[in-house]
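Here is the structure we will look at.
Each chain gets a letter, A, B, C and D, in the order it is written, and its residues are counted from 1.
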Amino acid sequence: MLSTFGHLFRITTFGESHGGGVGVVVDGCPPGVPFSLSEVQAELDRRKPGQSILTTPRQEADQAHVLSGVFEGKTLGTPIAILVHNKDARPSSYESFKDMYRPSHADYTYQAKYGIRNWMGGGRASARETIGRVAGGAIALQVMRGHFPLEVVAWVESVHNVGPAVVDPLTVAKEQVDQNPVRCPDSEKAAEMFDAIDSARRSRDSVGGVICCVARGVPPGLGEPVFSKLEAELAKAMLSLPAVKGFEIGSGFQGTRLTGSEHNDPFYMGEDGRVRTQTNHSGGVQGGISNGEPLFFRIAFKPTATIGKVQKTVDESGQERELESRGRHDPCVLPRAVPIVEAMTHLVLVDAFLMQRARAGASFLPEKNAQR
Amino acid sequence: MLSTFGHLFRITTFGESHGGGVGVVVDGCPPGVPFSLSEVQAELDRRKPGQSILTTPRQEADQAHVLSGVFEGKTLGTPIAILVHNKDARPSSYESFKDMYRPSHADYTYQAKYGIRNWMGGGRASARETIGRVAGGAIALQVMRGHFPLEVVAWVESVHNVGPAVVDPLTVAKEQVDQNPVRCPDSEKAAEMFDAIDSARRSRDSVGGVICCVARGVPPGLGEPVFSKLEAELAKAMLSLPAVKGFEIGSGFQGTRLTGSEHNDPFYMGEDGRVRTQTNHSGGVQGGISNGEPLFFRIAFKPTATIGKVQKTVDESGQERELESRGRHDPCVLPRAVPIVEAMTHLVLVDAFLMQRARAGASFLPEKNAQR
Amino acid sequence: MLSTFGHLFRITTFGESHGGGVGVVVDGCPPGVPFSLSEVQAELDRRKPGQSILTTPRQEADQAHVLSGVFEGKTLGTPIAILVHNKDARPSSYESFKDMYRPSHADYTYQAKYGIRNWMGGGRASARETIGRVAGGAIALQVMRGHFPLEVVAWVESVHNVGPAVVDPLTVAKEQVDQNPVRCPDSEKAAEMFDAIDSARRSRDSVGGVICCVARGVPPGLGEPVFSKLEAELAKAMLSLPAVKGFEIGSGFQGTRLTGSEHNDPFYMGEDGRVRTQTNHSGGVQGGISNGEPLFFRIAFKPTATIGKVQKTVDESGQERELESRGRHDPCVLPRAVPIVEAMTHLVLVDAFLMQRARAGASFLPEKNAQR
Amino acid sequence: MLSTFGHLFRITTFGESHGGGVGVVVDGCPPGVPFSLSEVQAELDRRKPGQSILTTPRQEADQAHVLSGVFEGKTLGTPIAILVHNKDARPSSYESFKDMYRPSHADYTYQAKYGIRNWMGGGRASARETIGRVAGGAIALQVMRGHFPLEVVAWVESVHNVGPAVVDPLTVAKEQVDQNPVRCPDSEKAAEMFDAIDSARRSRDSVGGVICCVARGVPPGLGEPVFSKLEAELAKAMLSLPAVKGFEIGSGFQGTRLTGSEHNDPFYMGEDGRVRTQTNHSGGVQGGISNGEPLFFRIAFKPTATIGKVQKTVDESGQERELESRGRHDPCVLPRAVPIVEAMTHLVLVDAFLMQRARAGASFLPEKNAQR
């Protein structure tokens, strides 16, 4: 249940890692939006496996097929269904341990919940499920672009013990992020991260890390108090991603060590007549609503659960067993997670934007309010 | 919009800090559950102001009035409406700065979003809104109690620079938490925290900190992949609370420094024939679903935005001004936030429980599966 | 569960006929709307009991108390909670048949569903539950008024064998409807209906009938295909009312006897440059979306289930019994149902309006498109 | 927006009549249900065009492709995506009137709502959209079958002026319905209906009619008061179908001519110890909840809007024009609508069943309560 995300701009994803394919139905996309399939594909390409030696060698073109909702280059306002076929599935790799629960995977919990599971790969817990999110997020961006100058940029801040990278959230650009396979715009740290990941790969182990994300150009007024605060929806979005164990916005956990007088962000009038804050400990949200400053948040990814090393586990019959995985996998998910984090951010923002437009109608003109 | 939380067990809160009152409608509560108003009131009392010199001196009895949904000591299965009147509202305290945006408060963002706001106090962004959550959470616990031996315990782990407290999540009890006004079961640290908060109070400043929460006795199989993973709903629940800036579950941000072979939780067979894990870096969830181990998560609270010190800000007309707050407030929200965190945890769990029961019917018997 | 109606403009009702009170939380109301409590009260007065000898003698002032969401005469955009106390509850009237299932009431089905029920009156199945709907609908109208010239008018078309009344849906006004206690603008038929209802009352029996409703001034473009077609939401809204057994829009059941060439509504250009139809067999909707013509629909209400005559039934222990009801009741629900039908129509329309505004933003200007 | 139906068992449909295809994502299907694709296909075959001369000559195999959610013959509990390709689309048929609004079609209203539309066929308003509903409904039936002996049977009761057919709702079987192309189990009336439809076809006109539906074996206790009464959800489901203008349950509009003492259904104890009613004016629901008697309802379908006769209309530029349609169409939608009505009934019931299971858990055993 609940394979749908969003209130007004909704994505429903479907598909297992091994099966006919994976995809998404985007419902609630406004009509008349110029639709670029190549932009959607470009984001899928950033997410797809096989981009470098740091990622799983599984070969998937991840070609998006648009089945509906687009007509003569524009969105119709009707559901946009996008399908990506599974090509390079090798269920045989999983056969030898089909009755074993891989440690820190979802095998045991799916069995406990459903009483059945597709043992060929990760099923719905596979990162292939995120394909639909990336496609949906790319469309969400196309919707917002016509209304405010949004720039969402995520990057790898640390990998294992390497980091934090030194990056300026006010200026960092997607091109800088993509200039190396780690997706870290700090070249020196990126090189170290590359080595850390490669080293984990060679020792059949894995590593995790932290991704940062900034959203610039968000107009003030987005986010729904009380339960759907912008940060609450972002937290849910990020914790809904495989392998995520933490989320913090603005000052986050470190901010608990400041006093109120240090932490509060004093207001001042910007040169353009807009209300601004001198600091941004709030991370762009106050009371659950965007204040026009950049959104800034960090996400913790645990090390990939699939490793080649021998591990202790149990099987479905309750026997204790030893497991030696041979499924293809990423020694570190972070480089490929960057576009996914951006996509989820787009999805949260577009939903908040439509919600605010429902409330305020023509009197909400983000064009006039958003800061560049 | 969206003042409702939950899919099947839903709470809808209403009320501003200054107005007729605040309250909640609990919809979807199963019928026939023995209802204890005194338990509800006990939790409200843990949350209410004026418990010690560490909390706001605002005097509110926060007496719960049940308007519907209960009959002859049991729930009817119909909406349970609970109302708490506002008594000690002093809007005059706010009059002098009614047109000023208090730094790091929601004044500016509410104005940007709604074009109007109740300047008498915090409106919906006030912590008084959480009264409905606490009442709803207390009822949620009563629902689950008949089905599995749930124990949710939250405590203050750190305040400003004091901490972390040394606490064993496997055994810590609510009574230990409540033995001091800080709600930290480590007495030594609690004393230091008390001083830190009192010191902030005396200097008209404020402090933040970290709350830990453990949920023991959760049966395996709760949580809805993909988008409503248990940790995703918990993250949303916590980030929807005022002043929260971060959430992490299990190994969290620290876990990003482990390798996969260190981080993975090996499975073994427990003495009672249940599948267990040797470590709990996962924090009780795998693939978004509970695995029967204790849920464990941490929440970062920023220092209270309301402080007595003079601050720079702007007013609605765009003038730069100086603000000297005189509203009553807590120098540290954490002691009173403990029952709120527990309540939100109850709400997330009861919803996941009902969802799983919808799916699995009589074949889901948490009584048989939950670990004590 | 599911005591909430609407997607963006949502009402959640609570309360049993016998208990602390009944009420509503209106969530999603746009901010800054001038709020008239007297208009809300006026609609509650049209619904309240004791208006004439045709209605139940239960004495209820049905005074609305606004607990939140309104500030200085305007809506805040936050939840508006409205409470109406129950005053003249006489549970003792119900005591003698508390274990009997009243025929065609919800006693048996509530017991089957919940295993428990409030036997003091109708519980949630009582018409008192509709108080919250009427209050919510009155607010919905205040929201729409600022945007398009909506006029929703319902009236009693037939009672038992009396009717149909002759009424012009293009011109009928609320004042005409309210000029007699039956709420039928055809005075002659109204007199006959009055006699029919009074006759049923005197013989301790009851009668039903048909209510018509027209909504003029609805802009084209409201209603969400596929599943939330405007007529689908209206049908749900009406069938969610106690005692309703049928709904038809436009040509309805009679229209099945026309051919397509007779039934189709030819388009032409109106004098004001708007697209119009020469006939309105469609009842104002095509493909689930309003076309700018008046919405027109009819609703069948069965005769009141509560009657004074002796009836055969069974009790909770499975014994066959005879029941002689003494609860106060309306011999005909239709006169009091008129404002309820209008309220539900307002609620459906405001929700469709906000949804369309979310989609289309500033390019949806109902002011320019709605026909008077 | 809102292309999703259902709360726990949810279908999301996608696709236009002319485009890559149409389909459905079924979310919330319980796991471990034996899955029969051939049953799904059999229902699609009952719905597909080209079954007889009474239906559109468009040639579509309507072959269902299952993309996900099924594994080794059972449902996984994950989303089941089903795709049907569009084969025999002939957009050129529509080209000559692409800028004209076909009377009583959704062309004008889609344009008013979206500012854009796929003029190649009916877009989302096409009956092809219902393919996803039929597939979803067939799966819903497979879910319920394991729990209660549900039999949902719909049939054509009248066509234009022919009817009503004489059919016993307590015994009528699907095989009887399918024994003629009209899908009316009264052979004599069926022959007359055939002639009426064929006559309309030959005169390039169309006809409508009434479909009856009965659901036997529904356990007591299904349906969610207040707003999601079983009859309210059924009404919404039916009015969400193309061409539907009316819905009535039980005594419906005719029942308004009875008195309460005639209309009330007296309770008695059945031979099997179950509470029964002597009559069924209620149509199987009381207070929005099933009472164990058969559900019985009727649905009015207007004559098909697409006709071959010349019609007056306007075009997008506001010119008055004459339209002579050449799209392929059904002269009467009722025969093909029968499986669609059944499917929507299944979808409403399965959702109510899961909701009740969430509420009542193991104490709700429909197996014990449902009447055959």
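Note that contacts are C-beta pairs under 8 Å (C-beta built on N, C-alpha and C of every residue); 3 or more make two chains touch, one makes a residue touch a chain.
Keep in mind that what you see is a predicted model, and the values were worked out from it rather than measured.
More C-beta pairs in contact connect the chains of C-D than those of the other pair, out of C-D and B-C.
Set against the Cα centre of subunit C, the chain with the most distant centre is A. Rounded to a whole number, the gap between the C-alpha centres of subunit A and subunit C is 45 angstrom. In terms of their C-alpha centroids, the spacing between subunit B and subunit C amounts to 39 Å. Rounded to a whole number, the gap between the C-alpha centres of subunit C and subunit D is 26 angstrom.
Under the contact definition stated at the top, the residues of subunit B that touch 2 or more other chains are 1-4, 8, 13, 28, 31, 77-78, 113-115, 124, 225, 355, 358-360.
For subunit D in complex with subunit B, the touching residues are 8, 28, 30-31, 77-78, 147, 225, 354-355, 357-362, 364-365.
Chain contact summary for the complex, subunit C toward subunit B: residues 1-4, 8, 10, 12-16, 19-23, 25, 27-28, 31-32, 65-69, 71, 74, 76-81, 83, 113-118, 123-124.
By the touch criterion stated above, subunit A contacts subunit B in their complex at residues 1-5, 7, 13, 101, 103-106, 108-110, 112-115, 124-125, 129, 158, 160-161, 200, 205-210, 220-229, 231-240, 242, 244-253, 255-269, 273, 275, 277-278, 281-283, 285-292, 298, 300-307, 309, 311-314, 318, 320, 355-356, 358-360, 363, 369.
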